Each structure stands twice: as C-alpha cells, then as structure tokens.
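Structure first, commentary second.
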C-alpha cells in the first residue's frame, strides 16, 4: 500500500443553476498522506468546503450537481461507490467535523448515545461495549467526568465542549481520515486554542490523518504539516508549511500573508485589491489575473498548471515560475482603483 | 498624542432582566458591570474580548442605543444623561456607528445614494448640498459614482461595508463606534477595509472606539487597547505595551491563544482551563478566578480594583504588583 | 421585481387567477359595454326565460337579464372587496405596526384585542356587527372590514417583529432618524410582501362574505345586482329556473377561486427562500 491514503485527481464539481454553471471546484488534484494534517486554505467561495463535500459524496446526488474526476481512497474510487457503500465508509473510515457544533449534534439524544451509535452501526458492537467506547472517547477529547457527561444532552454542553463531543464522535470508529471543515471558526480564541491542541494530540496518538479546511492562516501555521491554497475553484499552490509560509511563490499566497495583521507589528497592510471572480463567469487564463500585481499577457490567455517549483512537493500554478520570479516589486503594479470591481 | 478627553464613562453598568415566567425568579444578566475609561480626542481605542464579555453592549451604550442601568457618561465634558430628547437628537450627529454585518445593516429596499443621504436629511442641508456630499462620500470610500443607484444586494461584502462607512461619515461625526467592522469579511478584503478606516481617520480627524474579537486586528489599528472579560475591563494600556508586557493573566492567555500566521513565531501557550462562565451567574470576587492559573483565596472573595500600575497601564488583578 | 414575476410565471394556475382577476376588473369598468340590457329593467313578458340567443344566461322572475346583472354584479363584488379589504388593511396594519414597534404594554393590549376578535367565527362576527349597524351596502363593507382587521394586524405585527431587530433599523436609530420615519421608510417597505398576499386572499373572502350576507338579506337593497342577492332569489325558483341561481353561483366560485390562486402564487413568488434560489 502506498503512503497516500487518498488521492484526488481532477475533481470537478459544477452546479447548474438558472443563470448558468457555477464551477465551484474546477480540476483539483491533491493527496493525503497517512497520519498527516493537510490544510486546505482559501477565502469564502474558493471551493474548499465543496471539495470536502464532494469527497464525502455529500453533493452530487441532485441532477443540478455534477461531480467528476477521481477520489481514490486506498485505491478505490469513492465517486463510483453506491450510496450504500458510502454509508459504510462515512463515519467509519472517513469522518467529518463541521463548523457549527450546535447543529452537528441531535438535541433529542444524550451525547453518549450519539457517539455509541457509531461503533454500534459500523462495528456491530453490542450496546454496552459501544457505550463504554463512547465514554472512553469523551475522556480522550478531554471532557471531565465523562461517565456522567455522556448522559447529558447537547444543550447542557458549552460551545467548546460540544465541539469536543463532535470530535469524539468522529473518532469513535478509529477513522484513518478526519475531514474538519472550519472546526474552530465558531469558537472563541481561548477555546479554539484548546481544540487545536486537542486535534494535534489526537493525530499524534492515533495516527489519523486530518484534512483541515479553514480560512485562517494562523490556524494553518499552528496545526498543519502541508497546505494547499485554493482560489476560485483551483489549487494555486501546495507545499509544506515551510514552503508556504517561508517561500510562498504564488502572488495570491503572498497577498494573503501580507493582508493579515500580526500582533506587535504596525506597518501598513498590503491588501489584495479587487475581489475574487464570479464562478459563473470565469476569465480565460489565470483566475487571479484581475488582482495580480505581476499580470502578464500570457496570464490572460492561458491557465497555468500546478507544477513543481524548487522541490517536487512544492507546487505552484503560476506563469511567473516559468519566467523567473520577480524580485521584490519589479512587477509593475497596475494603476487600480481601490474598490473591488463588480 | 493629544490627551483631551472626548468621552468618559464612569461606573457604567447594563443589566438585562430576563423573565423566566411568572413563577420563577427573573435572571439578571450583567452584560456590562462597572466600566471606567476615557476615550481621548483623535485616538483609536480598541476593545477586545471573547463572546459574552459585553464589548458590543458597551458600544451600544456609548451610542445611546441602550439605556445604561447605572453610571455616567460624559461627551465633551457634558453629562449625557442630562440631555433631553431634543438635545440628544441634535448631538447624535457627533457620534455614529459602523456595524459588523454589512448585509444586515443596510436596508435592502433602498438604493445606495438614499442610504448615504438619509442621515443628511436630519440636518438643514439643501438638496444640492446633500447630493454633493453623497458624491464626496462615495469618492472617499472608493465606491464608483455609477453605482449610486444600485441596491445593497448588488454589492459584495467589502463594498457594502464601504457604504456603511460612508453613511457613518456623512454627518462628519467626532466619535465613531466601529463594532466588529471587518469580522464578516474575507482576509484580503479585511485588509482593504482596515486601511480605509485608517485613512479616513487621518482625513476626517475623528475618534474611534474599535470593538473586535480579533486581537491581531485590534492591536494593529488601536492606539490603546482595553481587554474585557465578563462585563468588566481587566486591562487597559497602550497597544504596543499591552502586546509586549501584558499584566493580567487573562490578557496573557488570550495573547498566547491567538493563532499567528508565522511558523517561526515562538510562544508559550498558556492553556486556560474550562470555559467562560455565563454572565447571568458570574463568579464571586474576580470574575476570572475560576480559570486563573495564579488565583489565590482572596481572588474568590474580593473584586479587584481597576488601578494604574505604570503610567497609562491599568489592570484589575490582585496579584499584579 | 423581475424575480417575482419569474417565479409567479412558473405557476400556471396562478397565472390563470391573474388573468381571471384582470378580466373581472375590466368587466366592472366597462360593464355598460358588455351588458346588452339594463340590469334593473324588468320585463314581465320575458320572465323566467331560459338561456337563449336573446338572453345568453336567461332571465329572472322579473324578466331581468341574468348576464347583464352578473356583469354589473362584478362592480358590487369588487367594490365591496376593495373597500372592505382596504379598511382592514389600513386599520390592521396600523395596529400591527404600532403593537410590534412599541412592544411592551401597547403590544399586549392590542394583541389581546385582536385575539378576542379572532375567537369569533368570521361570518358570525359580521352578522353581529350588521345587526348593530343595520343592513346597507356601506355597513356591509364596514362589517367585513372589521372582521378581517385582526388578520392584517397579526400579519403586520409578525412582519414588523422580524424586521424590527434588523441591524439597519438600529443603524437608522443611531443616526437620529425619528420613529415615525423609521416605521414608514424602513419597516413598512420590508414588511409589505406578506400583506400584499393577504390582500389578494382577503379579497376572495370579502367577495364570499358579501355574497353570504346579501344572501341572508343583510346587504344591499333587494333589487341591486349583487351576486349574493341573485343567488338568494334564485334559490326560490330552483325547480322552474335553475339558471337564476346557478350562473351567479358560478361567478362567485370563479371570482373567489381566481383571487385565491393568485394570492397563493404571489405568496410563493414573494417567498424570500425561493427568491434566493433564483437570483
């Protein structure tokens, strides 16, 4: 078996609407290694959540939703599985943690029952053993007096505890991949720190790979081993966190890093001007062309491929890589109005 | 920096009564519980804190959108509580607000120029003067003039926030309360708006109260920062001083929890146990004591006073000497 | 606006309702052109004549042309509908907006009042009011108007309550805009959709109520060409001349049905959830 547990090849998810085709995910390729934490980072509408939903086959069932490409999980294409087969995989081999811990738990059942349900269904465990496992999981995610807490209902948990409960549920069947979609976004900073620590510790203890979907570069820097940066339905840059944070190549990645205020620093922020393109009306060529300070004629004509830069594992989709990097501000900044174009 | 006081609040409190039905005792939520601070002319005072700390309520109290339960508020030295309806209406133009949600804060059935013109209609400006002012404001916030007859839903989040900012600026206020103005925006757009807010302050010369949960943003934009926890201010100081030399254990923990987009950023995470208690049943003594790593017996009993430790650096903690 | 039309258009029955409603309105306006006879003119010789080329829908016991009377009847029905619904719309919305915007005891008093009115069956309440006011077309419109006021009050209150807490209302307050202006410029335009739907639905009910009350002899004077009165008189002649009752009956059914399906279609088209999907 290869070191990769999942290989996503040319994944496309297109939504057909009244006004046209929305290319939410448009040819995405990446691999997830065993036991790694892979960050998928991007701003709203870049397709990072739709990517995860497509992998889990949570989109694609309606006639207006078209998913194509390959999602190889241990060599088998998940996109070719029947719904029954998928049900056996979801929650057991691959589980998900969502942003809103409020709605991911059913208010009508106590937390223990909901966690125990997983091993009951997937591993055919008897009720007692499943319950024991649930309590074990709650202890593992750091819920104090878990024996007692397992009997409580979601509304008796605070926000941070609920997210721990959801993580406990996702762990209950020893999955080898957890897809976490903005799991800390709804939480306060101090609670977020606790949950991030927990996720890292769980990976270290169980060897579960985590696909961390987030908009927060800080979270990526704290938690991930590798990162894929998404923009307008495509991955524009991928590499280890050292590659991305120390040697970013793509102008969008650089722009993102320069946009974030950092504690203790006062220099003027350098925002990326403009706003992402409309996914129904994508430009020919590179999707970042309207906002790129280094835009060239070639960028308007042809879409760059995701190709290795410097090292095999650090890939970038940018024509500048072929032309050689601009040193500093050599690229002429187009005279642009400060507003985002409609 | 000028140290002329623009706003001063004195033991400001806001308690919400929540009815639990006829037969049960009402719950009192102490959203804001005894705040004292001043805002100086021309500065940006940041207020930071986690959910339930009362930062938004504070902003609304200062805007007179909520009536304070107790305490005094002075604007340019005048006691605001003595203002009658007429006077309040006349003075409203001096303090304005920028809201968090650029989607909900604009009336979906009004076009942009009407939205920005609306506050101007409370003045005695002529129609031509108002039109000219709207034009100027659109330029100031970077919205093209051709867009002035469009509806809010035709704009992106960042552009809507620009419209909201233009509306707040319309009356040339002296004081602007910005309540999480960039929280709903994407990172790249957030930076555009932060720069705009900074530029406008230079151009229009007003004072900000900048409320946010994001410590990095608050610290970046503010001259001074106040940290709130459970309705109280626990620390207040110059922004850089707060970052380099946080004194309150909560501030220290908060700073260490902020994820920094820099893999070489070294920090000793100070883990906080448990979660924020509910403001309807705050702990006795220091509100932070149940989570505090250095809490002593007296922290459970006595409420620490908010005192000046070094010049301009205030802390409410028994253990800080 | 185009969004609403796009949604509405998809609903074929609603489109039929709109078409019929328009037809009724046109008929009411140009009644003298469409009616071959004077609706009041009696003719003993032609009484109780069945449908024929001369009298398409026959004549009644006094020899009056049924078709002409039905055409003129649209005027009565629409007049009663529009005026009575107008009364309930204005009064009800006012009550609802004031109750929701000011809240507290104002809301309690007004809401309890509407609740009490709600607890009576519509027709019974109208009957009681008619009994107090005395039978006449004006009083009939007032009675129907009063009966439907609580529905509008309740809808307006609900709509305002959801809008009231919107951030843009707080924004308007923070700029020093007066309460009356906020209600007029910010709250009302955003609460209009459910009220418009209710207007079309209530029009159908009002037409039906007018017919029912006239049938019971509480409406206009007996010689007025009102569908309800025609139906009421026709029932005495069912065995000899079915057309006297049946055609006004069809007119009532058609009018009520048209307004109803149009209202339903409008409700679906104005539903913000559906609208978002299409935009």
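We call the chains A, B and C, going by the order they appear; numbering starts again at 1 in every chain.
We adopt the following convention: a contact is a pair of C-beta atoms (placed from the backbone, for glycine too) under 8 Å apart; a residue touches a chain by one contact, two chains touch by 3 or more.
Computed from a predicted model, the values in this text were never measured in an experiment.
**Student:** When contacts are scored as defined above, which chain pair ends up with more C-beta pairs, B-C or A-B?
**Tutor:** A-B
**Student:** Please indicate which chain is farthest from chain C, where distance is taken between mean Cα coordinates of the chains.
**Tutor:** Taking each chain's C-alpha mean as its centre, the farthest from chain C is A.
**Student:** Distance-wise, how many Å sit between the C-alpha centres of chain A and chain C, to the nearest whole number?
**Tutor:** 55
**Student:** Taking each chain's centre as the mean of its CA atoms, how far is chain B from chain C in angstrom?
**Tutor:** Chain centres of chain B and chain C, defined by C-alpha means, are spaced 51 Å apart.
**Student:** Let me have the rounded angstrom distance from the C-alpha centre of chain A over to the C-alpha centre of chain B, please.
**Tutor:** Roughly 32 Å separates the two chain centres.
**Student:** Where does chain A touch two or more other chains at once, residue-wise?
**Tutor:** none
**Student:** Would you give the residues of chain C that are in contact with at least 2 other chains, written as numbers and ranges?
**Tutor:** none
**Student:** If we count contacts the way the header does, which residues on chain C are in touch with chain B in the complex?
**Tutor:** Counting only chain C, the residues touching chain B are 166-168, 170-177, 185-186, 189-190, 279.
**Student:** Please name which positions on chain A make contact with chain B in the complex.
**Tutor:** Listed in rising order, the residues are 43-44, 158-161, 188-194, 196-197, 215-222, 241-242, 245-246, 255-266, 268-273, 275, 337-340, 342.
**Student:** Looking at the complex, which residues from chain B come into contact with chain C?
**Tutor:** Result: residues 63, 65, 88-89, 92-93, 96-97, 99-101, 104-110, 118-119, 122, 153, 164, 167, 171 of chain B touch chain C.
**Student:** Where on chain B is chain A touching in the complex?
**Tutor:** 50-51, 142-144, 147, 154-156, 158-159, 162, 186-192, 194-196, 198, 213, 215-217, 219-221, 240, 243-244, 253-265, 269, 271-272, 275-276
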